[in-house]
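We just call them A, B, C, D, E, F, G, H, I and J in the order they show up, numbering each chain from 1.
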Amino acid sequence: MLFHVRMDVAIPHQIDPAERAGLVTAERERALALQESGTWLHLWRIVGKHSNISVFDVRSSDELHEILWTLPLFPFMTIDVTPLAAHPSRRKST
Amino acid sequence: MLFHVRMDVAIPHQIDPAERAGLVTAERERALALQESGTWLHLWRIVGKHSNISVFDVRSSDELHEILWTLPLFPFMTIDVTPLAAHPSRRKST
Amino acid sequence: MLFHVRMDVAIPHQIDPAERAGLVTAERERALALQESGTWLHLWRIVGKHSNISVFDVRSSDELHEILWTLPLFPFMTIDVTPLAAHPSRRKST
Amino acid sequence: MLFHVRMDVAIPHQIDPAERAGLVTAERERALALQESGTWLHLWRIVGKHSNISVFDVRSSDELHEILWTLPLFPFMTIDVTPLAAHPSRRKST
Amino acid sequence: MLFHVRMDVAIPHQIDPAERAGLVTAERERALALQESGTWLHLWRIVGKHSNISVFDVRSSDELHEILWTLPLFPFMTIDVTPLAAHPSRRKST
Amino acid sequence: MLFHVRMDVAIPHQIDPAERAGLVTAERERALALQESGTWLHLWRIVGKHSNISVFDVRSSDELHEILWTLPLFPFMTIDVTPLAAHPSRRKST
Amino acid sequence: MLFHVRMDVAIPHQIDPAERAGLVTAERERALALQESGTWLHLWRIVGKHSNISVFDVRSSDELHEILWTLPLFPFMTIDVTPLAAHPSRRKST
Amino acid sequence: MLFHVRMDVAIPHQIDPAERAGLVTAERERALALQESGTWLHLWRIVGKHSNISVFDVRSSDELHEILWTLPLFPFMTIDVTPLAAHPSRRKST
Amino acid sequence: MLFHVRMDVAIPHQIDPAERAGLVTAERERALALQESGTWLHLWRIVGKHSNISVFDVRSSDELHEILWTLPLFPFMTIDVTPLAAHPSRRKST
Amino acid sequence: MLFHVRMDVAIPHQIDPAERAGLVTAERERALALQESGTWLHLWRIVGKHSNISVFDVRSSDELHEILWTLPLFPFMTIDVTPLAAHPSRRKST
């Protein structure tokens, strides 16, 4: 089941640089692992913003919330989730 | 080059049913052809809305505009385009 | 899996009264059937508006879209869907 | 009498961790007690947000305000209250 | 129990003048009756708009919805309802 | 002459508790005095918010500004003022 | 007493041209008369819009509402009224 | 003197096709003439919209308003004007 | 050439009181000088807000920007500029 | 390929003045270099704001993101990017 997720990141300027670097690294590792598992299906950067647009493939909205809630950068993110459905004009992959 | 495109469709209620059906069919054929060519990369329905979220792969913004402008349902659509870039945490496909 | 759904209804003033009555009746019957099946879990009227707030229990977002898309009043509704998850402070029913 | 309540929580990053933990625990105990009494009827987490959607069953808007105003996390919350009414299509529980 | 209600009226230009006059008269009579009963406590015009701000004193949100839903001008109104509570600095009438 | 005034209060978390208490007390005394004089005609709490909706009866907008500008909590408030006029359906008090 | 008033005019395209011309002429005559009396103090066009920004000098908000409500173009206007007060840095005219 | 101007065009669906074509042609001729004179300095299409972003070089805001107000498509456009100034980092053309 | 300018001032609470007083005084002196020169044509306080609505008479948008950019309170202000034009119904001063 | 970019700058008040000056200088040098290379095609100041409207000429959205992401003031900017296309009424330069 697919969910469209937009994440806007706003890390306070005055945060300790080492803490910031640690957070970003941990976030990257988490993202790679979730992509590896096929859960984090698509991940794109929005041009000009510290934001991404992603598509997640999960079994339930509870599973999605657990993933998002435990992302290292969650406390610094505004997240908008849009549930997706199959589009009738979607070309069936042969 | 990737663009995130949201299309919200609002066909007037009082339009002639046959005209509506013709438009929708033409739109579907156009969408299938563009998916076939690899230009229309992703196409999802937004749950609960006559709207879709798509990702287009084009060589220029001019090419994207030409595609959108000539969609049969263009006159009845509100379209928002967000340019995408590669995300540093994007897993490299092996 | 639970989804919070808000539906704002705007039926054009100039619609034929008989058609309006037919739509409303068909919508009510559909709503009752979906409640009967346990899919439409909660249904409340927003005070002062031709709108409702509902909670649906479905197996997938595709199923939810199919339900909403085929509601008789769908063409006259603005629908916003918010995916829900279990809240950690939710009292476990004994 | 039912009220739909959305609570968006924003606890400042720089708050003392122990104080934060204490607030969250106190909030949870308060929520459990209010659910126990039947006042806090429904409580769901909004996917991807430190927010909840709830439904309260109270005898007056004054009672509701008193409850919300005295929630431990009140100072860190944006709360929107929407009064609900019975919906004409609501299935009568047999 | 008090509710703050804002009503923005937008009667289509092309409506039949006699029908418009009838609606406005019926609305006025309804408003006078509800004021007479003490339900419609305050009624002010917003300067420069075909809108009013009112305060209703009712026993439940269901009662308020029934009142608003049956106002002659309801189909042409956007209504926003804000539940009110007693303010701690409110001077007790001696 | 009547003005509808909404005040949303946001006192910074990190303010000294004694200073906060002093401000709130001073604000209450000011509100009581203005109600006593008949200037602050109505004062209600918005359910779920540190906000109020009030109606002021003043001789000029300058007088109203002077009152609002000198409220102890003014520096921490967002204030929206809406001028009111007599409504044609307003029941004449017999 | 001064009020800042913005008027955005939207006359339906399909209105009868003669009716439109009559409305615009009547509006102009009314505006000239009100300027003559000193009530309509300032009147500017917003560049690129069928809108104006005005300042009215009236004795009460009721008087202002009566003026605006009876403008020939009132049914086609969105009007926003902002009460003004003397600014402490306003140069006293010598 | 430079002004940034965004024009969003919304021609009603039900307009007579010949009238539409005439308007668009007249608009194009006007735009070409204004570019020819150096007044309409830049003209770009917003991807996915019947909108443009332009920059005008005029001697006064009155001149700009006169130009915009007399564009053939003016009645069908929402226009937003933003005055521009020289940027301190602007490279001086050698 | 006239520009409508709205300035919303938000000086941080924790600023040093002496610095605040100095800024406000410098701002007032600047405003008086600009009014003296005829540039700052109108200056009104918005009731209930630390904001003003002004009208400036300048020779160019560059001149206006220079004035606004160098106002002592500029760093603490949100400024919105709307270019004005002569209104066709503006009474010619005899 | 052209992109319209608006940058709103908000450097915290309490930042060290030397750091601020360094950032602004570095930003200016970067802007001059990018203009020199023809990438940063247009750069205008929005009157009354610490903001600019620019047009970039780049080969891809990835290139644009890289440029914006590495601007010295990026951490303090809100950036909105609008892809542009050739306008059919654009005068061909002879």
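FYI, a contact is a pair of C-beta atoms (placed from the backbone, for glycine too) under 8 Å apart; a residue touches a chain by one contact, two chains touch by 3 or more.
Composition by chain, UniProt nomenclature: A, B, C, D, E, F, G, H, I, J = Muconolactone Delta-isomerase.
This one's a predicted model, so the numbers in the text were calculated from it and none came from an experiment.
Colleague: Identify the chains adjacent to both chain F and chain I in the sense defined at the top.
Modeller: Chains touching both chain F and chain I: G.
Colleague: If you match contact pairs by residue number, which of E-F, F-I or F-G shares over half of them with C-E?
Modeller: Match found for C-E within E-F, F-I or F-G: F-I.
Colleague: Return the chain pair with more inter-chain C-beta contacts, choosing between B-C and E-F.
Modeller: Pair with more contacting C-beta pairs, B-C versus E-F: E-F.
Colleague: How far is the middle of chain B from the middle of chain D, if each middle is the mean of its Cα atoms, in Å?
Modeller: About 39 Å separates the centre of chain B from that of chain D.
Colleague: How big is the gap, in whole Å, between where the Cα atoms of chain D centre and where those of chain F centre?
Modeller: Result: the chain centres lie 27 Å from each other.
Colleague: From the C-alpha centre of chain G to that of chain I, how far is it in Å?
Modeller: Between these chains, centre-to-centre, one finds 22 Å.
Colleague: Quick one: report the Å distance separating chain F from chain J, using the average Cα coordinate of each chain.
Modeller: Roughly 44 Å, centre to centre.
Colleague: Of all the residues in chain I, which ones touch at least 2 other chains?
Modeller: 2-3, 45, 47, 61, 64-65, 81-86
Colleague: Give the pairs of chains that touch; include all such pairs.
Modeller: The list of touching pairs comes to A-B, A-C, A-D, A-J, B-C, B-H, B-J, C-D, C-E, D-E, D-F, E-F, E-G, F-G, F-I, G-H, G-I, H-I, H-J, I-J.
Colleague: Hey, which residues of chain H end up touching chain G in the complex?
Modeller: It comes out as residues 3, 5, 12, 15, 61, 64-65, 68-69, 75-76, 79-81.
Colleague: Applying the document's contact rule, which stretches of chain G touch chain H when the two form their complex?
Modeller: Contact set of chain G toward chain H: 13, 45, 47-49.
Colleague: For chain A, which residues are in contact with chain B within the complex?
Modeller: 2, 4, 27-28, 31-32, 35-36, 42-47, 52-53, 55, 82-91
Colleague: Using the touch definition up top, name the residues of chain B that touch chain J in the complex.
Modeller: 1-3, 60-62, 64-66, 81-86
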